[in-house]
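Order as written gives the chain letters A, B and C; numbering starts at 1 within each chain.
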């Protein structure tokens, strides 16, 4: 204990002294920040004071720390970009960056990181920018605890909250992103961690990535996004403990998977989405121990998917549990809890004695012919489903859960 | 008062009335007689406007009744079968009609009192016997002091006492100069109250004569005898045709 | 007219069938609503109950009632009353009694458990269906002379709209799935009041989105107020048209 206290004292003393020795205060006067950056030496810390800095396109080519206070604001005046980081190990912390311009030629961002590694962007506030943070060819950067919000809900001209291209080993953690086109956008980003972010109310996707392999997404919340979350053309994706909430709209998904291979989707919550997970052309994607509740369709598994295991999930209160467009099912459903299961468990082992068929006839019909949705909730479709339950003919016969769990699975 | 000219009515293929022409005046009590299906009820319903005639016309006081409805304020109708909404009380039925006939200034409640209706004003219609319902129907027909009374089998189902009372009332109203149309199977009931007889058979008018005239020609005094005699005389003649 | 409506109503509120109907609706509503914690689901279950019971009970009860009171109708028509007035008064009384039963059976439980636009729409939809199917009963009454045939027709009409029509619609969708049938579908739907009632309620629930999933036209239709307005207009037409037809036929009907 004593050791810990002693250590803490030493650390704090060291920090104060270093601030005293290297903290350069910058006040918002004409070009003060630009000059400060060009005058700074590697390892310097610039302390941005309260006020509005009307400076832009500040290129950081040195390993410096830029620190803001509660009220230090960089104003892009709806015309310009703020920082362009081109050096390794730069830290930008606690600054508000707002009103970055929009252009159809370049993607204008609050902070753009180009060909730089070990950059930390933390605790900043991004307000009404086209792009919030834009990483380009960056490695091992940390994007932590930023608030990124935009009021422009424009899918066409708007940009993304955090945009990363051709990067690796990123850590995106604890950010709060809203009102952008995509909350987090990854393209060719590998080996990265996306943890505890909240992405909501974005015009298109809360999270959108393509060609981004071996990334881990955990404990994030994706809520009320125009089209939910879309992941495409990637392998080795791990999604754990995320919440996909209320992505409700006529083209919304909790999670859209397209051409995803060897991935894991576990312990996530899919609640009140038009479609919980939509899968297309996926191979060996394991969907385990997730909660699917009150979705329109819990799962839409296209016939092009194969080798996936759906086990230990809870399906509760979904209008349709599973929909599929083919008659062949190359995926396995086993040991899930289905609230619509009306079988019995005579030997009391907690597993239903007759299989559960999660695809209803009506869902097969409406999958084939979408117009048939006009009959949704009509007496006729109820009857068709009841009759079909007794003698299944239309539904893919492999699509069944042979061991439906009787009680809700504790997740 | 009522003038019927060339009245013809058929239901799909069945001819119910075939070219009937009749004239009724105030102070007459006319018995409509004839076997079942001879067109009596159709004739009554035509006058009431419940059946729409195919050909011919019906005039009341010189006005054609086609498509008009106001004339019915002059008519009191007692149907053959009185069926009423089953949960309505007698009081409600009478109240309802009184409200409908607010135009009527002179209510004739003699029968209501005479038939003892006030004793079961609070009874629902479904709890009443057929006879009691007939009494209610009778009261309603006379209630608004109409100039024309159309009574379809009025005495059927009534107890003898009420039947007598009703007959007295009919006779009295006739003396008051009203026109009364009655159909009945019980010819003896019509004795003494009818002045004229209309006889229908096979949808055609067989004859329309006064009772006195008939009694003279047949030499019989009782109405049923009169009719029986006519039948005997007419039937062979009829079958010859 | 007011007089007739008033007295016929007095008779109807004491009618056993009406009372039982209200009680059954009430029991079903309470059990459904207390079972489902999710309000949207409760409404959907109630919607299914409404779509099944209201048309069948509505048309059967009205038809039987109209035929049973034919003698009373004759008696009243022997009074100085216009035929149209008589017919309308009877319709209004019967439809109103059924509506009251529906409001008591479904409306009160809804008001107790939860209110909201969707619940209100369900109530409106149920009332519309009541008015429509009593109007259809009226039409059956004036078209048929015989009570048995009339009841038969009523059963057929109820079955047709609750089940058969959707079956035909589904086979239509099946046979023409290659063609752009969204527009004709919306047209066809308006030929069935039960479907209209269903869609009217679904439009107020977020599940409408699932229908919009199937195409741009549905999306447009479901997504805006147009859908609701269109549905309501169609339903009003479904009330008025049978009544006007009935009144016309009744003018010439022999009783």
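Couple of notes before you dig in:
In this section, contacts are C-beta pairs under 8 Å (C-beta built on N, C-alpha and C of every residue); 3 or more make two chains touch, one makes a residue touch a chain.
Note that the structure is predicted; figures quoted are calculated from it, not measured.
Traced through touching neighbours, the fewest hops from subunit B to subunit C number 1.
Of all chains, the one whose CA centroid is most distant from that of subunit A is B. Nearest to the common centre of all protein CA atoms is the CA centroid of chain C. Rounded to a whole number, the gap between the C-alpha centres of subunit B and subunit C is 42 angstrom.
For the pair subunit A and subunit B, the distance between mean C-alpha positions equals 89 Å.
Once the centre of each chain is set as its mean CA position, subunit A and subunit C turn out to be 47 Å apart. Residue positions of subunit B with contacts to 2 or more other chains are absent. Of all residues in subunit C, none touches 2 or more other chains. Subunit B contributes residues 9, 11, 45, 48-52, 69-73, 75, 77, 79, 81-88, 92-93, 95-97, 99-101, 103, 124, 137, 140, 150 to its touches with subunit C in the complex. Contacts from subunit C toward subunit B in the complex involve residues 3-4, 6-8, 10-12, 14-15, 68-69, 71-72, 74-83, 252-255. Remark: subunit A residues 248-252, 274, 294, 296-297, 317, 319, 365-366, 368-383 touch subunit C in the complex.
For subunit C in complex with subunit A, the residues that touch the partner chain are 38, 41, 44, 47-48, 51-52, 162-163, 166-167, 169-170, 173-174, 177, 181-182, 185-186, 189, 194-195, 198-199, 202, 206-207, 209-215, 218-219, 222-223.
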